[in-house]
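One structure is given below, represented as structure tokens, and several questions about it will come after.
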Amino acid sequence: MQTHPKKLLVIIAEAALEKLLVKEARHLGAHGYTVAEVHGGGATGARDADWEGNRSIRMEVICDEAVAQSIAEHVLNSYCKNYSVSIFLADVEVLRPGKF
Amino acid sequence: MQTHPKKLLVIIAEAALEKLLVKEARHLGAHGYTVAEVHGGGATGARDADWEGNRSIRMEVICDEAVAQSIAEHVLNSYCKNYSVSIFLADVEVLRPGKF
Amino acid sequence: MQTHPKKLLVIIAEAALEKLLVKEARHLGAHGYTVAEVHGGGATGARDADWEGNRSIRMEVICDEAVAQSIAEHVLNSYCKNYSVSIFLADVEVLRPGKF
Amino acid sequence: MDPVVLFFLLGAFARIAKSDLRLPEALYETLSIYLLLAIGLKGGVEIAKHSLGAVAPQAIAVIAMGAMLPLIAFPILRIFAKLARADAGNIAAHYGSVSVVTFAVGIAFLARQQVPYESYFPLFVALLEVPGIVVGILLAKMGRESAEGKPVQWGPLSHEVLLGKSVVLLVGGIIIGWIAGPQGIDPFKGLFFDLFRGVLALFLLEMGLVAAGRIADLKSRWLFMLGFGTLMPICFAVIGILLGKMLGLSVGGMTLLGLLAGSASYIAAPTATRIAIPEANPGLSIGLALGVTFPFNITLGVALYHAIAQRLA
Amino acid sequence: MDPVVLFFLLGAFARIAKSDLRLPEALYETLSIYLLLAIGLKGGVEIAKHSLGAVAPQAIAVIAMGAMLPLIAFPILRIFAKLARADAGNIAAHYGSVSVVTFAVGIAFLARQQVPYESYFPLFVALLEVPGIVVGILLAKMGRESAEGKPVQWGPLSHEVLLGKSVVLLVGGIIIGWIAGPQGIDPFKGLFFDLFRGVLALFLLEMGLVAAGRIADLKSRWLFMLGFGTLMPICFAVIGILLGKMLGLSVGGMTLLGLLAGSASYIAAPTATRIAIPEANPGLSIGLALGVTFPFNITLGVALYHAIAQRLA
Amino acid sequence: MDPVVLFFLLGAFARIAKSDLRLPEALYETLSIYLLLAIGLKGGVEIAKHSLGAVAPQAIAVIAMGAMLPLIAFPILRIFAKLARADAGNIAAHYGSVSVVTFAVGIAFLARQQVPYESYFPLFVALLEVPGIVVGILLAKMGRESAEGKPVQWGPLSHEVLLGKSVVLLVGGIIIGWIAGPQGIDPFKGLFFDLFRGVLALFLLEMGLVAAGRIADLKSRWLFMLGFGTLMPICFAVIGILLGKMLGLSVGGMTLLGLLAGSASYIAAPTATRIAIPEANPGLSIGLALGVTFPFNITLGVALYHAIAQRLA
């Protein structure tokens, strides 16, 4: 079975940003996304998901390196200053390269 | 601390497939699995988890490369044509190689 | 855009351990953590999240290799004998190295 | 229009207007569990008052109707809509089965109009859930074993359909209501009977959100979907009403049997067919059942069927 | 103290004492949907009994008050608390809007004291949600387009505010109650009216957990926050009470208008401002609205405002 | 059999028959929060009517019983079942504490039989939660500090047990009910009292699903588990009934004290012991408490204990 290298971009952010992140990721070339509801903590304290303003999401996008870079850069510039956001990238392999 | 290389197989699929995927992954050699409830979007439109038919899962299996390949191939052949499914693989390290 | 290598440590464990794991990870040098509620199965049978004692979490920590190693080792020694716990590590890249 | 339908419209409006209103998934599940149990309990208590001997022949006729409806829908879908066999069978399975919430709106409608009906009707709902699905899947799969490889696995499938949550809760509720009887059920009335309409309203709010979300499914074949999704229910409803007349039901009972015949399943059928008929497009069947027929039935259909039942009585 | 407040204190105690008590998020959402709908329905039924002509001038005055309150809060925050423009506008938006749960505690308080009030008050709650938020955001953004780059996108923002879930449910409930009228709403009373206080109690338990969790936000500027979070509401409440008197409201109505003016939004305002004023610190505004003003209003404020209203009547 | 138990059987059937019926986790949590609060409130209102002086000596005796029960279970588990010290202490902790839902089924049983009981009984439930757990853990840990390394951290542990959600809600409910008194609690009756049995039924449906899921835990030692899980409760129940007689309780009160003594905790105890006794096998303790004793007590036990109480009265 042949596999193809892609990038996995993971964005952990305030739930309030979900709609914007999805729209912008699509705009920058993502073919899809997957979101899980999470809670956590970091530099800005605990985000416990105990009420609406305190919910976080973990968004995954599988895409080409260039797309991952441009989404990551966009999020870094637009949101990281004023919102609780963590971003990381990883190498993954997929089976159907055209899909992602 | 010694670590051992394994494969992480991630399958994002319609929730309706969960029972089948678990059974078949076990059958093909997986020692365990972890499932998160997610929502997302891709080629077939948004899957919002707003009702039963619209829920998605993200299933993770840590296993040997050969097992990961055979599960991935099986899922590709059995489900990818008619269901919303995304698959990817990544390299991970584990501490207890016998467990996975 | 410059990226920086870090380790992603993932701990899948009984929900009862969450408070302890967060405290100890912070103590051992983690700057943050992200937790998702999951269900799954492994050597000790299915953990279905059908009631309180049966819930599992998936905790992610992005950190330096040394921190990842010491958290992983601590969890291995403290919990793996008596609790349902799975641990794995992966290589990731981050944009803001100081944050993690 | 029954006020309960206004909640549906509010939900549909919120979705179409892209409001951020969302009901948590756990609430959706909770409300549907509640409705199934409550309908079952109410029916069971009533059955306790009747002799089964009188109901049995009606029950058999009702099951036969459920098995026959897909046989009508299938050729229409094949010939006029030119659908693939899998899609035609899949849609036939949905329309052969029934929608419990549509039934709940029907009894709210009759209660408001003060029209009596045979109080053991929840039994018919339970009996109508399964046969249509089985026949629809059979139609989809006839002579297909060679083509797509996998034959239907009837063992797991029948398990899934007969022990699906809607059948278990409905039948379970009927049996508990039956055993407990009117007095035994008294302590549960506060939750299961007094709150019924309010919970139905809340559920319809959610259904409005969900149904309006299905409108996107209509975009490619909207003419066919609007046509089939309204005409097929009317046609099936007439069959149900006529059967009701033959069985000697009251006008209320004729209305309800028509409504059940004309309703399309969106809980049991999608679950079962998604696994049994993988190659069918769920967007089509769900778009029809949830996006067209459900709204049609609860807003216009029920009053229409009642009027027809009055005529034919 | 109203027993309903004891549930709040229990929740706050559990959180402060680090109990593992947590209400599931889905319950929090469900209860808040319920409260919004129930308040709307109750108001709508009452509006059905009144002529709109009499209410319209009051409604306009109430909207004007909502738009004016942030204009008072903003300079105070800028000059005395020396806050940045973004933070001052953000907090002004929260205090310009209203808290629906505070209102619910207010009507429970009046019911217990058997003080009557204008029963169409839920309409005013709906009208007060939005104007304060819009004015607060305008204040935060005035002359800022150059500085931080992005101007406010008023299109999406007004969509978000006007179709936010609290407005949709409150206004939707009012309209349904209005159309259905007292008789039409009868079947829903079991759920939406009879359980209201119990659900409010449960929600306040959760609010106690949440509000006590906000105490950490106070640590850096606690003196300012305790001062502003209690004095600003009192000051706004007096404005509301005086306006109520001018509009010819009853003592109960004056109390409620005071309470609404003195309450701070923690559903609609945080959602809207988080996107519209990204550079504002939400810890500050939420810490104030949820950590100080909400507890103050439901424990002491409502009785205080009632006493003031009695004096001024 | 009380109809409420039929819901348990329905849930158990659904699970054993592998139905896809599942209640959302948020509903499970919500219902258990509701039951704890409602029981506490009801008890608190009743305590408000009594003088504490009369209840105090009974309360002390009840606490003593809770601390003593594990001392009986522990040697039996060590000697006859040959369990490791950790497992024996862990199981003793579960059986030393109580099951609130079993208690709720007990009061439903007595209400149906129209047997009166001391209405401040919820206080005893709260008092019985903790002592048995503490003694069980002490037994598990005696002379172990050297062996497995970590000694028990009594600070965090006592915090966890005393501020666990079941104690907080039960005691919080009692205090609120007490302060509010019969009149103050009136507006909450709709939710907390009228719906109690219905909610209990729904919760038992869920408990049936969960308990039947524990049957797998029985496979290795099923003979021991069935034996201990039914005989130990009967034995403890007799102790409770006799103590009730000594304390001058009514037949209803004796029945309830027997039921409490014979019930095993599955909320507070598992949470506390999982951290305090890591080396104990939770499959064993949960399999016993949830898979054997809970079903036994609600189906047969409660009637048996009532019969014994009538004999011994």
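As written, the chain order gives the labels A, B, C, D, E and F, with residue 1 at the start of each chain.
The rule is simple: a residue touches a chain if its C-beta (ideal position, glycine included) is under 8 Å from a C-beta of that chain, and two chains touch if they have at least 3 such contacts.
Note that this is a predicted model, so its numbers are computed, not measured.
J.: Which other chains touch chain A while also touching chain D?
T.: Where chain A and chain D share a partner, that partner set is B, E.
J.: Averaging each chain's C-alpha atoms to get its centre, pick out the one most distant from chain E.
T.: B
J.: If every chain is reduced to the average of its C-alpha atoms, which one ends up farthest from chain A?
T.: Greatest centre separation from chain A goes to chain F.
J.: With centres defined as the mean C-alpha position, give me the chain D-chain F separation in Å.
T.: Centre separation, chain D to chain F: 41 Å.
J.: Can you check how far apart chain B and chain E are, centre to centre, with Cα atoms defining each centre and the answer in Å?
T.: Centre-to-centre distance between chain B and chain E: 45 Å.
J.: Could you work out how far the Cα centre of chain A sits from that of chain B, in whole Å?
T.: 19
J.: Touching at least two other chains at once: which residues of chain D meet that condition?
T.: Those would be 22, 24-26, 194-195, 271.
J.: Return the residues of chain C touching two or more other chains; collapse runs of consecutive numbers into ranges.
T.: Residue numbers touching two or more other chains: 36, 90-91.
J.: Touching pairs of chains, which are they?
T.: A-B, A-C, A-E, B-C, B-D, C-F, D-E, D-F, E-F
J.: Applying the document's contact rule, which stretches of chain A touch chain B when the two form their complex?
T.: Interface residues on the chain A side: 1, 3, 6, 8, 22, 31-36, 62, 90-96, 99-100.
J.: Mind listing the chain B positions that touch chain A in their complex?
T.: It is residues 10, 12, 36-43, 56, 58, 69, 72-73, 76, 80, 86-91 of chain B that touch chain A.
J.: What part of chain B is in contact with chain D in the complex they form?
T.: Counting only chain B, the residues touching chain D are 14, 16, 20, 45, 48-53, 55, 79, 81-83.
J.: Per the contact definition, I'd like the list of chain E residues that touch chain A in the complex.
T.: Touch residues, chain E against chain A: 22, 25, 28, 209-210, 213, 216, 266-267, 270-271, 274-275, 278-279, 282, 286.
J.: Which chain E residues qualify as touching chain F in the complex?
T.: 3-4, 6-7, 10, 13-14, 17-27, 108, 111-112, 194-199, 201-202, 205
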